[in-house]
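Below, chain A partners chain B and then partners chain C, in two separate complexes.
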Partner chain A sequence: MALIEIENLSVTFTAKGRPVRAVKGVSLAVEQGESYGLVGESGSGKSTILRAICGLAPVSGGTIRIGGQPLPSPRGADFSRRVQMVFQDPYASLHPRHTIDRTLSEPLAIHGIGNTDQRVTQALKDVGLPPNFRFRFPHQLSGGQRQRVAIARALMLEPSILLLDEPTSALDASVQAETLNLLNRLCAERGLTFLMVSHDLAVIDHMCDRILVMQHGQAVEELPREALAKAEMKTDYARSLFAASADRMLDA
Partner chain B sequence: MTLLSVENLRVTFDTEAGVVEAVRGVSFSLGRERLGIVGESGSGKTQTGRSVLRLIRPPGRIEADRMNFDGIDLIKASERDMRALRGPRIAMVMQDPKYSLNPVMRVGQQLMEGLRRRDGMGKKEAHAKAIEALAAVQIRDPERVMDAWPHELSGGMGQRVMIAMMLIPNPDLLIADEPTSALDVTVQAEVLSILDNLVRTRGMGLIFISHDLRLVSRFCDRVLVMFKGKVVEELPARDLMKAQHPYTQGLLNCLPRIGGPREPLPALDRNADWAR
Partner chain C sequence: MTTLVDWLRDPSPTSRRQARLGQSYLAWLRLKRNHLAMIGLAIVALLVIVAALAPWITPHDPITQNLRERLQPPLTAGHILGTDDFGRDILSRLIMGSRITLFIIALVAVTAPVFGLLVGTVAGYFGGWTDEILMRITDIFLAFPKLILALALVAVLGPGMENAVLAIAITSWPPYARVARAETLTVRNSDYIAAVRLQGASAARIIWGHIMPMCIPSVIIRVTLDMAGVILIAAGLGFLGLGVQPPMPEWGAMISAGRKYLFEQWWVATMPGMAIFIVSLGFNLLGDGLRDVLDPRNSGK
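Then we have the complex of A and B:
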């Protein structure tokens, strides 16, 4: 049984009185310990799927099951302990007037977990930040450092699933490399399951075992990692996406 | 023909914690070509671009041995002369349409503002010009976009609106600061081909600031690689993948590749001698 099972998921927003179908009947399954990637252009509904899992998008049809159990609505405390999300923009996803210490200890306080002091220090260490960053504010950190804090926050409750929404697209190439290495290390150390969204095929290829290509809210094609490098895609859209990323090939 | 020449440009900020040197002695010249400036954040590439327009606010200071644009001394020019240059002669496209467009003004109003104020154009004529500019950047439904608010546009549309706005006065030099980093690959390719086409047909000079080496190598004629406020390497863009300098090589190596090995990506060495 897969850890994350999404069947026939639809998400419909209402914009100016008109329904907008952001996700139309997408199904996917992610195994325990797997890294699964969602790719597609802006507006293809890939981030909306992650938000729907967290209960942040209006699901209009289909089911989402984690570990075989359908998710309750609202999601509740157990869900937060199993699933956490890292957002795209580290400038917008940290509270600007909370210190790093407060940001990291808040989930512990909400879930009544003690030993805050030691856990916060350890969390900073795990993501490779010096301990004296604890009492800084987000504006005193660089983009890469902020994204590390966002990852540390997501890991405070020791979840088994991380939802990553373009975790490196706001970062420079060198900082992106450091962040991807960090995520891979944490994944190996803790046996995490990743569901990751990116528009950069090279990043997805580096991180993920299987890839789902999306367009206009629909699933276009599912590919294993090996098929991507060999350009063995069956649909035209997946091929055109691949062609636009041709300069990201190994031998380019 | 040289359009812009910059010699020994320095940008310094006096802060409470002491003097911060953002740009330390950058020299380059530019004809009617596409010059790329690449580097990490904090390498001074944006400050270099802004200095050309003297858009550095106090406590920042610009110093240079020489900074000439088409015979005009940009260091000595009065603020009034600079205002006449900004827009009609040298234009700048900023990074993020979310923050660079006025959120409480309709797109059309923003596009027409310059035409009406600067060129004293009538409403009808300005409207026609704005529509034409939107069509030039391949916006399919320009009438609708004219009436839209900035928050109603997607990132790619917003970026194209900004490019259209900068191109209306037909500048000689366009400085584009990360014009595509907020966009995804397919839209990125579209925006680049629009820029490319405009540079070719209008004979503009272009300074293209980006942290994406692959993009710059594909799109520009010449590349400056900046690190900590200095130019560490200057080379033709097509040779970027064969760069000699260890910093440039480091920047290239830390990019993941499709079909590449699954081992950790090499980290960039920022402590070597050349970094000092």
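Then we have the complex of A and C:
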């Protein structure tokens, strides 16, 4: 049985009185310890799937199960301790008026976990930030450092599943590689399961065991890593998406 | 001194307190560059000092009448600002009156903005029906002219300083609710709120710990800018005889008493008018300066 099972998921937003179907009947399954990538152009509904898992998007049909259990709504404390998310833009995902310390200790306070000082310093160390960053504010950090803080925050509750919403697209190339390596290392150390969204096949190729190509809110094609490496796509859309970022993959 | 400044400017603070004080120090440096704001701050500080020391620095008793010395012009020996129609020293009455003004400002400043902030953030965060109901109530209060509503309330409750404060507080919270709601709507869908929701935080925790800190700067700016208005309403109530009751030396009531002598003994009404003008100006200048320092739109960098 897969760890994350999504069956026939639909998400419908209401914009200016008209329904907008962002996700139309997508199914996928992610095994324990696997890195699963969602790929597609902007607006293909890939981020919406992550938000739907977190209960941040209106699900209009289908089921999401984690560990075989359907998710309760609202999600509840158990969910928070199993699933956490890293957001796309590190400039928007950290509270501008909270110190790094406050940002990292907030999840501990919410869940009544003690030993805050030691956990926060350890978390900074785990993501490769010096301990004297602890009482800085986000505006005193660079984009890559902020994303490290965001990753540390997501790991504070020791979740088994990490949802990654284009975690590197707001960062420049060298910092991207650093951040991806950090994620790969944490994944190996902690046996995390990744569900990752990107429009960049180079990033996906570096990280994921399997990918799902999406277009206009629908699943187009699921590919294992080997098929991606050998460019064995069955559909035209997946092939054109692959061709568009093939140059960058050769560099990597 | 230099070690303290170094400690405050340390880019890698070692405790929560140092980080917070360091941020306050940087804000203070920004405020210090704004000369008009510093003038405003000086006026407000002077008001606070004068009010604190009032009983010890008044040259005469502000309440005891002395009809032999009534309506003395300014610069008379012993009465720099002259005397009023009961022979009371105007300077002493202004100094004692600063206490009343400050008391009213302080009480309004700790009640109305707090209530408005609460209503605004709750309405903005929950949206839907909660938002509709709370904001329609706010609209009802906003629909009345402030002074008229305050007058009606004082007329019902009876004249007096406490009732004046209550009336002013009840009439001045809606703008804060509006400001707080607008600010809440801009942050409620941001990623950092989504992140803390995902961590399982309760609505109360999110509103109190994550949304309110984002609203407070705009509310503080609004409070300092509104303080001039509060002083004027308090003076207006005093002028109409519905605020602080005689013989208490309230500035608005003093203007009202001097109205009868405006053409021959102009100083009786003019001196308290000047006091109201200067203090209002001080709060407005300070508010403008604080807007430059605290406005979230330019403090991010």
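FYI, the second predicted complex is superposed on the first by the 249 of 252 C-alpha atoms of A that agree within 3 Å, B and C clash if a C-alpha of one lies under 4 Å from a C-alpha of the other, contacts with A are read in each partner's own complex, and residues count from 1 in each chain.
In this section, contacts are C-beta pairs under 8 Å (C-beta built on N, C-alpha and C of every residue); 3 or more make two chains touch, one makes a residue touch a chain.
Owing to the predicted nature of the structure, the values given are computational and were not obtained by experimental measurement.
Asker: With chain A superposed, do chain B and chain C clash or fit?
Answerer: fit
Asker: State whether A:Ser142 touches chain B only (first), chain C only (second), both chains, or neither.
Answerer: A:Ser142 contacts chain B only, not chain C.
Asker: Per the contact definition in the header, classify A:Asn184: touching chain B only (first), chain C only (second), both, or neither.
Answerer: first
Asker: Examine A:Tyr36 and indicate which partner it touches, taking first as chain B and second as chain C; both and neither are also allowed.
Answerer: neither
Asker: I'd like to know which partner A:Leu201 touches here: chain B for first, chain C for second, both or neither.
Answerer: first
Asker: Taking C-alpha centres, what angle do chain B and chain C open up at chain A, rounded to the nearest 10 degrees?
Answerer: Spelled out: centre of chain A as vertex, angle of 70 degrees.
Asker: Touching A:Ile110 in the superposition: chain B (first), chain C (second), both, neither?
Answerer: second
Asker: Which partner does A:Ser80 reach: the first (chain B), the second (chain C), both, or neither?
Answerer: second
Asker: I'd like to know which partner A:Ala244 touches here: chain B for first, chain C for second, both or neither.
Answerer: first
Asker: Report the closest approach of chain B and chain C over their C-alpha atoms in the superposed model, as a whole number of Å.
Answerer: After superposing on chain A, chain B and chain C come no closer than 10 Å at C-alpha.
Asker: Could you list, by residue number, the parts of chain C that touch chain A in their complex?
Answerer: The contact residues of chain C facing chain A are 11-16, 18-19, 23, 190-192, 194-202, 205, 209-210, 213-214, 296, 300-301.
Asker: Quick one: which bits of chain B touch chain A in the complex? Just the residue numbers, please.
Answerer: Where chain B meets chain A, its residues are 40-42, 154-156, 183-187, 189, 211-215, 217-218, 241, 250-251, 254-260, 262, 264-268.
Asker: Using the touch rule from the top, collect the residues of chain A that touch chain B in their complex.
Answerer: Spelled out, the residues of chain A in touch with chain B are 41-43, 142-143, 172-178, 180-181, 184-185, 199-203, 205-206, 228-230, 240-241, 244-245, 247-250, 252.
Asker: Would you mind writing out the residues of chain A in touch with chain C in their complex?
Answerer: So the residues of chain A in touch with chain C come to 54, 56, 75-77, 79-81, 83-85, 87-89, 92-99, 101-102, 106-107, 110-111, 132-133, 135-137, 139-140, 150, 153, 156-157.
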